[in-house]
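The following pair of complexes shares a single chain, subunit A, combined with subunit B in the former and subunit C in the latter.
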Partner chain A sequence: MKKRKSMNHKDRTFLLMILPIVAIFFLFNTLPLIRGAVYSFTNYKGYGSYDWVGIRNYIDLFTDIRVGKSYLFTFKYAVSGMILVNVISIMLALALTAKIRIKSTLRGIYFLPNILGGLIVGYIFSFIFTYIIPSIGTALNIGWMQNSILASERYAWIGVLIVGVWQAVAMNTIIYISGLQTIPAEIYEAGMIDGAGAWKTFSSLTLPMLMPFVSINLVVSTKNMLMVFDQIVSLTKGGPAQSTESISYLIYRNGMGGGQFGFQSANAVIFFIVIVAISLCQMWMTNKREEQL
Partner chain B sequence: MKKRTTNYMITLLLVLGCITVLFPLYMTIIIAFKQPAEMTNDIGGVLAFPSSWSLANFAEAIRVTDFWHSLFNSLIITVATIVLSILIHSVAGYVIGRNMMEKKSYKFLYFYIVSGMFVPFAILMMPLVKQTSEMGLDNRIGVILLYIVFYMPMNVMLYSGYLKNIPLAMEEAAEMDGASTWTAYWKVLFPMMAPMHATVAILTALGTWNDVMTPLVILSGDSGTTLPLAQLNFQTQFGTNYNLAFASYLLALIPILIFYIICQKQIINGVANGAVKG
Partner chain C sequence: MKYKLWQKCTAAAGVLTLLCMQGCTGGPAENEKIQVELVQYKPEAVAAFEEIEHRFNEEHQNIELTISSPNEAATVLKTRFIRGDYPDIIGIGGDMDYANFLDAEMFMDISDWEGLDAIKPVYREMDKALELIPKDGVYAVPYAANCSGILYNKEMFTEHGWEIPKTWSEFIALCEQIQSEGIQPLYAGYKDTWTCYGPWNALAVGLADPDVCEDVSAGKTTFSAEYAETAEKMKLLLQYTEPNPYAYGYNDACTAFARGQSAMYVIGSFAIAQILSANPEMNIGAFTFPANEDESDNILTSGIDLQFSVMKDCENKAAVYAVLDFLNRDDIIQIYLDNQIAVSCKNSGMEIHQQLSEMKPYLDSERVSDFHDHHYPSEMSVDAMIQTYLIDTAENSAEKFLKSFDENWIRYNRDLIRRMNERKEGAEQ
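So, the complex of A and B:
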């Protein structure tokens, strides 16, 4: 009897501790999510009155050229970024866990881009792209280098990609380093006895052992790259000719200032579904691979 | 096994690779000290040392961007977010972590909160702007509150994961001595989670300090700016004076650089910890 009473008391304390926290979470995460979904069925401009328009916004989304372009850019950016970031950071992590001198200094330097804010990094690189590289191009008389990459409708996205990768590599490298440190040395010794070469060791020993970390990194880097915003603000503002307008930037720009609150809410709902679907897909795929090994 | 010898080839390549990281910083420092007249069109003119290491640009940048004020805002927002995150998220992680194994409702709660990680800010942004201004929260308090909500999924996951390493016997012993669940938590468990507090503090700090989007849309005109936001405003007004601009960027980077130089080891460990546990 006494025991039961004290258990109830404990459960009540737990409930009192968690309820206010869940309430705040609901109020500023779930509620705006629901409100956003509701607005997506209206023609709300962000001010004044509005009407229900059913699924019109969703139909319009699929025919809107600007939205289509933003999805194209964002995916091109995220897919190339994800591949580049993971390839570079695996190589860097392997190098940084090898037997090298000044190891901790080097690790410290390679992690540096992660702590710097994306906006300021973007401004610094914007200067490199617009002044430094063209002036090198002029000095060496290399044609394609003489104009800023950010001014080219065709290649500006590569400029944004370089900056995004430059920053994202730092974080993924650290995760891969901690992954490599979980691999016991005996496995490598066994590999050496079997006479495995460097590539064979990497592809059949290191990489399979590293798979859980690859899965973390793929999900994290894809999600971050899909949500790219700061770099766009500081490098291109979506230009030239909207060729580097990311989905987040378009929602911000036209939803907040362009009178498309309802329409961009529909865009945001689709964007949310896309992100969830991609993340689940990636986790499912990497889980399957891990089981196979 | 024979001892591996130092690989000088890789060391050399890595040192050379550092240029890609350090060059942008070098350039920032050099340009920040120069005068516009020194910025000739050729590459040497831009990258050579300045003729004098004058602090004039910095003084001007501090004045123009209202540096101290935005530094103060950034500090207050980041510190308040860290402290409140540690206090609130650890409680949430504790209650959920201790109950989710037996009780379905807490298991659901765990997934409910953690799935918040997939909600992009872009979808919350527009409704949140309306909501915060309706509630009179279009100010620093609102930004802090939102950060606490945004970082809750990650931190609850970290805390409840860490809790699995702490045996139930710890708080049961304290409760046997007559302490309530609440006191037992703060007296016994909270201090034991210190390593996770450090990880949470670092991850939350890096995220909030550099964030542009939240203060950009939430803070209304008269509630001031944060450091990154000040750079954005500065850029739209005085973007053409590069020396002034770079002095201002450098000023904005200095606080986090100092923090990094002092706590480099803890920061790298914290980030690695967070990713591996998560």
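So, the complex of A and C:
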């Protein structure tokens, strides 16, 4: 017991290093979160006076069609996005770790979308979807290409998804590349001796060894996809016919712009719980599958 | 002689400190001016306000006016209000933001300011109508108004001999005529949902009661009854716009109209500046939307685009009134009007821009009514609801749209309706 009480010099240094970070995190992250949670029990507009309304906002949340639709859209978007991002970035990572020429240059190019700002990318794609693709469609006489995908109530979300995935793939690819480099060459040799084909090598050797990175990527990409915001602002502003209103866009739009600060705070609290639950669930599921050497 | 680095640094720091101290001590001694801060929400008018600020400070020795014109001023102001940091005067539109700020008791009663008498009564009434719960006193100075109707390509109209329509059937006939000559009658930028308000307001002002929102809140009527014709005619317009208007935004529509891709564009006068920036040579005209079969029923949509309110916490009432006096001088208003192609809210026969000359009779005889959307809570997103309705091809789409309009209205205005009822009960007792 005595040992634990006395802190040695090194521990104290570490503690001193970590304390300011904890303080800053608390000040700029935890405190606003708590304040937001408090406001969720009021009808606060963002200024002026307000009344306590109990759990009315939470009851309203579950009966609000618009909020319901935004959850549906966000989950549809996040699930498809997560699958696409991970499949594409594993394939890209495999290609970019293979022994090919100008590998570093290619890696650089594939990382580019991550450096560009979400809004800029969105506006460029908005132009492509609105003018370039329809004019190609008209020139080649392809029916479905003649109208902007962003103007279609049913397919606009795919347009947003394309941009979101295009941007998200970059970061995940880098994580997978670093993951692939941790796999020792010996196990591939062993696989070769056992006569494993390309698919067998991938499914029985690469993928299980890559599992820790898959779990990181699943959590990161799901979280990012659930928080979709920039793409919505720059591509559709939630339209057409409110079909692409994501949860965070709705929270921002009506909480900040409209007078629903209290109500959207309640929405944010629920959304926070949902994201935490999903992340925990994913970690638990992928943890079980990780292979240790 | 070589100095060491630390010596240079110390010397530099010393000089800087001296400069700072001079600045600090020299500042307040000679500068005992009263500071007045004005924040206005139209960043596009920044050039006009810079000139106004400059001229004010030149003429006034004891007051220093600072005008800022930030982007997204409504958000900037709200964030400042949360911190309890208030400017002296704010310039915003006569819309729901004003109504909500006023409702939160943030403004000073300025009924003792002498300049009020010169303001056109119709715009002062508009501000009164915006009060969620009627209040005593005056809280805003209407400054500039905009008008909404139909902008048209004058050259195209003269070339083809088209006439300005005065009734709804004349308008439809004109659209058919234009279409038959192979030209696009209208252009719409419905991707930016707020542009749906262009035709919507123009129709609603002509066809529905100006107090419709208040009446629905009071339970006297429903939108299903009041807006039926507006909704029907709104959808009819789609036949004369470009195909798939939901693909194009406001900028696209302005540019397309400027390039002569359509003969008309149903939007407010504020778009003229934007259109001229795409085609400075363009000869634009504007006329009142002919929503009715009888010309005398038509009303021009005109609302307060910019008005000034004094914050309640403001300390120097005299200085602030001096600023208001200055802002409302004809020559100062003119600076703003020239910059923004707006209409003055003042009763002093100021000239109207040639682009808006056809709307002049309506303005002069005060046959105007406020934009209906100025009374909609922004979080209800009526513009997006209108867009949804326009996209919906089902036969009962109008019915569905109006029903959800009624239901959402009650939902989003719940607190207000409760307070209105409490007030009514209080009055009855």
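We take it that the second predicted complex is superposed on the first by the 265 of 293 C-alpha atoms of A that agree within 3 Å, B and C clash if a C-alpha of one lies under 4 Å from a C-alpha of the other, contacts with A are read in each partner's own complex, and residues count from 1 in each chain.
The rule is simple: a contact is a pair of C-beta atoms (placed from the backbone, for glycine too) under 8 Å apart; a residue touches a chain by one contact, two chains touch by 3 or more.
Just so it is clear, the structure is predicted and the values come from calculations on it, not from any experiment.
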{"item": "Superposed model, subunit A: greater residue contact from subunit B or subunit C", "value": "B"}
{"item": "Contacts of A:Tyr123 with subunit B and subunit C, given as first, second, both or neither", "value": "first"}
{"item": "Touched partner set for A:Ala266, first subunit B, second subunit C, both or neither", "value": "neither"}
{"item": "Partner chain in contact with A:Leu106 - subunit B first, subunit C second, else both or neither", "value": "first"}
{"item": "Partner chain in contact with A:Leu210 - subunit B first, subunit C second, else both or neither", "value": "neither"}
{"item": "First (subunit B), second (subunit C), both or neither touched by A:Met82", "value": "neither"}
{"item": "Touching partner for A:Pro240 - first (subunit B), second (subunit C), both, neither", "value": "second"}
{"item": "Partner chain(s) touched by A:Ile90 [first = subunit B, second = subunit C, both, neither]", "value": "neither"}
{"item": "Which of subunit B and subunit C A:Met256 touches, first, second, both or neither", "value": "both"}
{"item": "First, second, both or neither for A:Val220, with subunit B first and subunit C second", "value": "first"}
{"item": "Those residues of subunit A which subunit B touches in one complex and subunit C touches in the other", "value": "46, 256"}
{"item": "Footprint of subunit C on subunit A - complex, ascending", "value": "43, 45-49, 51, 130, 134, 147-148, 150-151, 153, 236-242, 253-254, 256-260"}
{"item": "Partner subunit A, residues of subunit C touching it in the complex", "value": "74-75, 78, 81-82, 100-101, 103-106, 191-193, 243-244, 246-248, 252, 377-381, 384-385, 387-388, 391-392, 415"}
{"item": "Complex interface listing, subunit A residues touching subunit B", "value": "9-10, 13-14, 17-18, 21-22, 24-25, 28-29, 31-33, 35-36, 39, 46, 92, 95-96, 98-102, 104, 106-121, 123-125, 127-128, 131-132, 135-136, 139, 166, 171, 174-175, 177-179, 185, 189, 213, 216, 220, 223, 226-227, 229-230, 233-234, 247-248, 251-252, 255-256, 261, 264-265, 268-269, 271-272, 275-276, 279"}
{"item": "Sites on subunit B touched by subunit A in the complex", "value": "1, 4-8, 10-11, 13-15, 17-18, 20-22, 24-25, 27-28, 31, 41-43, 46-47, 88, 91-92, 94-96, 98-99, 109, 112-113, 116, 118-131, 145-146, 148-150, 152, 180-182, 206, 209-210, 212-213, 217, 227-228, 231-232, 235, 242, 245-246, 249, 252-253, 256-257, 259-260, 264-265, 267-268, 271-272, 275-276, 278"}
